[in-house]
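Step one of this worksheet: look at the structure below.
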Amino acid sequence: MSKKSDAYDDALEQLQILLVETQAWTIDEGRKTLIVFEGRDSAGKDGAIKRITEYASPRQTRVVALPKPTERETSQWYFQRYAPHLPAGGETVIFNRSWYNRAGVEPVMGFCTPAQHEQFLRDAPRFEQMLAENGVNIIKLWLDISKKEQAKRLEERVEDPLKRFKVSSLDSEAQSRWDAYSGARDRMLDETDHKAAPWMVVATDDKKTARLNIMRHILRTIGGPGARADKPDGDVVFAASKASGRLFR
Amino acid sequence: MSKKSDAYDDALEQLQILLVETQAWTIDEGRKTLIVFEGRDSAGKDGAIKRITEYASPRQTRVVALPKPTERETSQWYFQRYAPHLPAGGETVIFNRSWYNRAGVEPVMGFCTPAQHEQFLRDAPRFEQMLAENGVNIIKLWLDISKKEQAKRLEERVEDPLKRFKVSSLDSEAQSRWDAYSGARDRMLDETDHKAAPWMVVATDDKKTARLNIMRHILRTIGGPGARADKPDGDVVFAASKASGRLFR
Amino acid sequence: MSKKSDAYDDALEQLQILLVETQAWTIDEGRKTLIVFEGRDSAGKDGAIKRITEYASPRQTRVVALPKPTERETSQWYFQRYAPHLPAGGETVIFNRSWYNRAGVEPVMGFCTPAQHEQFLRDAPRFEQMLAENGVNIIKLWLDISKKEQAKRLEERVEDPLKRFKVSSLDSEAQSRWDAYSGARDRMLDETDHKAAPWMVVATDDKKTARLNIMRHILRTIGGPGARADKPDGDVVFAASKASGRLFR
Amino acid sequence: MSKKSDAYDDALEQLQILLVETQAWTIDEGRKTLIVFEGRDSAGKDGAIKRITEYASPRQTRVVALPKPTERETSQWYFQRYAPHLPAGGETVIFNRSWYNRAGVEPVMGFCTPAQHEQFLRDAPRFEQMLAENGVNIIKLWLDISKKEQAKRLEERVEDPLKRFKVSSLDSEAQSRWDAYSGARDRMLDETDHKAAPWMVVATDDKKTARLNIMRHILRTIGGPGARADKPDGDVVFAASKASGRLFR
């Protein structure tokens, strides 16, 4: 194993130890933590979540990745199928994709109407505002990957027999509709970035660096023991409000 | 049976027939209907709901009367335990008591903090606004009973062996805390009456008249075939915004 | 109102009072009660259940009428979708149709394979045996109606605007496949009548008489205060094991 | 990294690739797979499950580790809270501890009565028999660890800040009640080993060897592409019926 890899392993372990300590604190304090992972296909959501939850408390942690809505769900209030999964006191819930489907894949692929897209962009901040006022600590992460790196990762997936279940029929659209996804992302970051639940952008072309910085950001946002974490690298994790010109196109 | 009773039975049946026709229309149209019944103990909620649902479609109708929240639920976002019960397309959901517990029994009995009470009064209209914009037709009814009539009904309950399961340990508080309940009701009507989900007040000292008028109001608000219903009697059903001086004290 | 009708109303009220007292006892004792209503369309299940639950404890009583299984449910263990509805301590659960669909409508209409039908006939007594040994008091009722009376009721339904939601696309099959349903019923009673959960047959051409006798049987089977109920009329309620020659054909 | 470790990594990866292929086959065929992991604290259940599920289909795989039953659940049919988690067609469900709590921790720690323990030993094979006849492929694994190795692992846990959430108040009992646990295990293996759902014992003092052999056993039992897996080492994985004298005491 290379030196660089050793350094990553050490840093990762230190951050995982701090996550354990910090979660123990949120449990004691009864804090509600909601972490939203969004980003294009292969941007590194699964890998980051895996490291964050590796040593987490099984009883107080849930990773939520909802399947496609049923027809009945489609006719309901949009947030209804997400509501049962929100954290209770002391719980950490990680959404691997979330209600923001309606600001990304759904409008890009035509799975919702433009009017539903607009309605969602108005609703999301209001909904999150209410949760925040009810004590939910919301951490929203946009994992940003370049077109070239995505192409590489999607190709590797197809060839890797271990990644068979990661390959999806939508993968090919990720590249061919790249610009439409960029446009949807820009609108999402514009309209749904607000004080109670701001967006943080993470550059993920370098996976390992991204993971460490995501963990630092989460730790510092949760606070308590987590406040001891190093600041994330400002070139890797930055506020959406300051993302101008820094997002992959 | 008296003539008066016959006339009630006839009017009730005609309204029930119209309800069936109107529900068939909401099912066809995929409309979402949410009816909220609130009111003091013994104000007539159960009896009115029974007549409304007697011939309703079993598959598209749900009466929701949630038990006391568990400790875990108490730590969640306040509306979380209600969300799974909201209507899907074509469904009619009737809440027999609702989130408005937090504007009535909870602050009066000390089951929530004053801060939670205030937070709720801010949240309820925002939450309902979002539902309304997502196509939920919300009908909120406050069943208003006089102190004397309540005393009479609560006494009768205790003596009636068929009403054993209606008697609650909170019944005695209903009378002794009458004024506190009046104050909570006034604030609720003031703060949570809004265009997207207005409150209607129903005088229920005369049960049968109240039931007929409730049905008329519901039918006309849903529309479609229901628009053919007679106007409710303005002395029995009236907008909260015009309730000044007409509420029982 | 006629004298006969008055007598029925009085008897019904007395039995309802005794049901309330008996349920209070099962709640105190933590007993689990499961009542299964089966029978052809229009045999009187809804009406009987309505009278039994009219004054029951809302918190400890559930009427379960499951919709058609989803595709996913169809692939599961057959009893899986019923299991969540079984009674906890102190609860009374009434199944309005039940797992016995697989011994009636499903084989008759071709909704299951003959092998699934056979498997079910073997499984049902084993499943119920296990429940019984785990303290569930199972009361199984087959409501038996004559072909002529069914024809009359189904016709009345179609013409009654209040019964619109009772009319089903399967109604016409009830008469045209009468004999197949009789055969399925006979096999069901033969194979799934066992000591831990015996079948009782109820003749329901006379609705009111049937209701009173059903209530008497339930009360006496539950016991406690219910033991005071009169014996059901042996011409109306009788054990499946003694049904030979008495079932409608 | 040592050679031995490299060999393990290679073997593991080959088995994981075969698991992916085999699961794809069970999905296509609509097969239901239920894998039960049982064993004393620190016997290696979590680690084995982690390797098995690492590349599994997220939509068709569920790891179920139920929390302590609520009071209401305690009053229900014992298997009721497990039933909703059973696999549908094409699904693989892994129980990390299971209903066999009632044959281990519950009787040893006095969380159930001796009568409930006996009832369970009678019920488990009947319940599993029914599932098996309904197409559920049940694989039951008892992970067997020596007293000395357990002592070592429990100690290491306490000192490892990453394992904070693995440490339980019951850990100390694992050693002090070692013999009672052995006795409960023996009875469990005796009474609940049956053709439709036999027990396999896995010696887990050597974790890595155990994991590889568990995967081989699972693959060969599922069949399809999995039939290509090497036979598990008969010293590591063996039928409970042939365990006499080979279980750790």
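Should a chain be cited, it is by its letter among A, B, C and D, assigned in written order, with residues numbered from 1 in that chain.
One rule holds for everything that comes next: a residue touches a chain if its C-beta (ideal position, glycine included) is under 8 Å from a C-beta of that chain, and two chains touch if they have at least 3 such contacts.
As the structure is a prediction and not an experimental result, all values here were calculated from the model.
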**Report entry** Given chain B and chain C, the chains that contact each of them
**Finding:** none
Requested in this report: Count the residue numbers both chain A and chain D use at their shared interface, divide by all numbers used there, and answer same if that is over half, different if under half.
Outcome: same
**Report entry** Inter-chain centre distance, chain B versus chain D - centres from mean C-alpha coordinates, in Å
**Finding:** 51
Query - Whole-Å separation of chain centres (CA-atom averages), chain A against chain D - result: 33
Report task. Take the average of all CA coordinates in chain C, do the same for chain D, and state the distance between these two points in whole angstrom. Result -> 40
Requested in this report: Enumerate the residues of chain D that touch no fewer than two other chains.
Outcome: none
Requested in this report: In the complex, go through chain D and note every residue touching chain C.
Outcome: 30, 32, 72-73, 75-80, 83-84, 86-90, 119, 122-123, 126-127, 130-131, 133-134, 136
Requested in this report: Could you please specify the touching residues of chain A with respect to chain D in the complex?
Outcome: 1, 13, 16-17, 20-21, 23-24, 55-59, 65, 67, 161-165
